[in-house]
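My structure is below; once you've seen it, I'll send some questions.
Chain lettering (A, B, C and D) follows the sequence in which the chains are written, and residue indices restart at 1 in each chain.
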């Protein structure tokens, strides 16, 4: 009975803590496993804790870093492209559009609700050798021979751009909709040109949306597995496909753990840099808190 | 007797002493106002009475019952919040019915009571509206109805009019007084606005910045006979004149003011500290001073000075007059006359008069 | 002049091109799903036979059932745990641990998936729907908790006090005041987790067992087997279903706007 | 709202441990939703396509046994998942040749097969028994099989084209865009057969040579994917493919231009998909019932017709196709007694290196 009363006092702790335990148990403990698996000999580790650097050494090769580098460049390219297209579009809907806003927004987001594999698959018919794009270019006389677009790195980037675009537009739309338009008027009133106003007022004040969108696109693009597998034709390895290869194909989870650790560290580092570079101005940060 | 009694209440906030050993008795059925500057801890006292804050030391009695450790939902005390705290996901009816539904009252009964009270606060037409669709004054009334419908022994009002504009505030004040008379509930009204407090209260308490109660009394007592210079300054405006007391044998007591001269004062017997030679402050309300360009008769005190500023404020005109010791006195003159009888202008030499009973001597 | 050129001409043009870009492949796909020919770009007349053949695909329905089970369970779990964490945790200042939930977003999903896989294999946890639910709930939590917390912080604490003041217990206050006021965040969060779970490929790919084929895995398997009209039909059907769901959801939202 | 500030640490710790225990407890329930149904259930892990759900549904209806099927798409995926869970939870697995060997090598991983419970054993094609991976067929039952070969689009090539592996591996013979199987291990071994004729002496030097050949290939390779081959072949995007027979034969049925070439007709490279039972399986009765069902002539015929795989039993006819290899395929290659197999002769490390070499 006494125990019951004691527990009753802790009821809210009992209720609150599972989420945290879940996160620690299934996110941080596994990450620790990956880390330890890359530095210890036995895998899975239990009794033998021989420190070893062979696994990490096996990863630190030009081939691995070429793959990480290429995945990174690709992820950055996609995120940048999404930003360049997404920002004006989000700006248009959030600021310029008055009537039918929800209607158009609804159709903007609709593809996002479907399985992304379906979205990627739809591109087969556009990109393939007899596909829509080639036919279009041929009929315009821009090309003589159909291009091999499908199964090229370009196809991978294009389709990932397509699938990730909503992840950029949504956070941008979020900040732009809350953006106080009077600030633009005030800036114009004070004599700034509209381009100066954009770079001095609009852009800094919407930086948090840009950063969130950029990270929401870049991070998953870096580790993407399915789209390169479908659109890339297996001709090139990406971080995602190599990790999956180590764990599911080539029976080398130890090196796989090391590679996952290394590429995870790389992306974390990049994420930190980006959140620094794209930090919102100081005053806004305070407000946000 | 269902009044509230606070005994030796002490409260710390983040390790800082906010309220120290506070005692206060609020009688039943009174409209009681708790007046004090912002941040003096008056809201904290209210929240302790409501049960939202626990008490670090001391006891709270409701009637004879010790309710210090009764949780908020167990106290027959209801609150009208500063921002009303109306539930935005419910309509007016549901908001008002909330407390009754918690008590598991029958639906018929609830409907009857809610409609009756909404009629009383003149909100019958808004029964099905959501909170966002109401004006500030209407929201205020919903909050009142929601609290009163539970027939609390005590109703706490935490600056309930702060969010309203001036006209509405004055109207609501009168409505509040009506309501209190109708329901005979003890109202405890917290505010930093002395005009509001003077208007509504049967009795009021003034708190200073240190969370201490300076004076308790009726509004008239407090205004006319402030117990301290803090009270005098906080309630209404006043001129504070510093000097020392001198009581010549068998003569009128006077206050000696440097470079000005003697001011005739009354010395009530209970003010034992007021001995010959002690420093004191004289509180003189601006409206108690007669201002005139011509000499007048029949006043105990008479000084002359030069008008430095004139502010016309509709009902009255406010003058600032510089006396010969460079002290400035504030003077209010009622604008009774419709025609300028004697126009006072800048830099005019004027006479100032007041009766000795109209000034209150206070401890320095 | 420049400004009006940008905003009057360029932005609408760019926006329309975005729509074209978004919908072109989908429209082609829908069109081809009604093509009687085995091969795209050879129109053999209108047919529904690919749809009919889908209905005779028991695997599809098993995958769909599994996916829905996993998604709904993950939604429920992450909402309940997230809500309790935010609501009950603030007394214990558990929000200090909020950044702990960010890692799932700052790391590529494949890292989480591989980590989970090694975790499960270390403890010999049989792979199956349970392990999928674990992974999806993990992802869900890191999206749901910030959403709920934002809304929770916007809640006026005096509403809780008002409710307690009016005689409601803490539990009654939670169910009558807090829960309805948090419901927009709960609906939005739940919907997001639902989509994330249905959409998720990597965690399903690594953490599924023999009994837990999901929709994503099924589609991936089909696509790996090459282009086929059946996938076109399946894709069109999924598109239609999700559009209907979104429309239903939106109209529900609009009818609630009186709130 | 009155709550004491101090909460005993040990109590909090106990609460945390309590939750961890609960969560772990829940983890070990394989499927929380099937707990309530006391149905007899077996779990099968198979290559995509090899066991058709439609037939499984039929089986379920007949016997009341519930069959859960998971699909994998490569031998290595199978191996990794099985290794990770140590086979627990699976009752029947369908690995192909060299992977079956790997499983047999790992002690106590598979259980021996009770042939007396398999009514169909005498009907099995004797040529498919007693191979390198399981000389006495103690653990494996051959189920379906296929032949590695080259699919071509005849309209792209001249009729007198060389019909052996050099068509793929010697880029001076043909520069046609091609599709290769996506399993680098299989690709390397087929390359080894092309270069050295046998797998007997594969050393570092040979591996380097194989890698060179494969890199040369990459210039003309459109896709590394087995599944996509039929469509790409049929649509003319890749006139040359290296895959197993079923993926080409299903195109031949619709398209007269497609041909399937089997290099080394006397002893072709084949892949046998076998049925094995993990040691942890305790539902032998149900599993044998299911295996017997799979081998009933009607079910085998269905699978053969659907997938164009070759059956392991002799009383089911193969799917007839019109190709230059029809005398082998249409008779289910019954005349051939000697086969070449993909064997696990290249160390994992070398394969990973080759993968990085080829695709980074």
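We adopt the following convention: a residue touches a chain if its C-beta (ideal position, glycine included) is under 8 Å from a C-beta of that chain, and two chains touch if they have at least 3 such contacts.
All values derive from a computational prediction rather than experimental measurement.
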Touch graph components, with subunit B removed from consideration: one piece
Chain occupying the most central position, where position means C-alpha average: C
Greatest separation from subunit C - chain, by CA centre: B
Pair joined by more contacting C-beta pairs (C-D or B-C): C-D
Geometric centre distance via CA averages, subunit B-subunit A, whole Å: 60
Inter-centroid spacing, subunit D versus subunit C (mean Cα positions, whole Å): 33
Separation of mean Cα positions, subunit D and subunit B [Å, integer]: 88
Rounded Å distance, subunit B centre to subunit C centre (Cα mean): 57
In subunit B, residues with contacts to at least two other chains: 51-52, 71-72
Where subunit C touches two or more other chains at once, by residue number: 91-92, 117, 121, 134, 164, 224, 227
Interface hub residues of subunit A, defined as touching at least two other chains: 13, 17-18, 22, 128, 130, 247-248, 253
Subunit A-facing residues of subunit D, complex: 3-4, 7, 11-12, 15-16, 19-20, 23, 74, 76-77, 79-81, 83, 177, 182-183, 218, 221-225, 228, 235-237, 348-349, 351-352, 355-357, 359-360
Interfacial residue positions of subunit B with respect to subunit C in the complex: 50-52, 71-73, 77-79, 81-83, 85-89, 98-99, 102-103, 130, 146-147, 150
Contacting residues of subunit C [partner subunit B, same complex]: 156, 158-159, 161-169, 172, 176-177, 180-181, 258-259
Of all residues in subunit C, those that touch subunit A in their complex: 2-3, 6-7, 10-12, 14-15, 18-19, 21-26, 28-29, 32, 40-41, 81-82, 84-85, 87-89, 91-92, 94, 97, 100-101, 103-112, 114-119, 121-122, 134-135, 137-138, 141-142, 145, 195, 198-199, 201-202, 205-206, 215-216, 219-220, 223-224, 227, 231, 234-235, 238-239, 242-243, 245-246, 250
Residues of subunit A that touch subunit D when the two form their complex: 6, 9-10, 13-14, 17-18, 21-22, 25, 61, 63-64, 66-67, 128-130, 148, 151, 233-237, 242, 245-253, 255
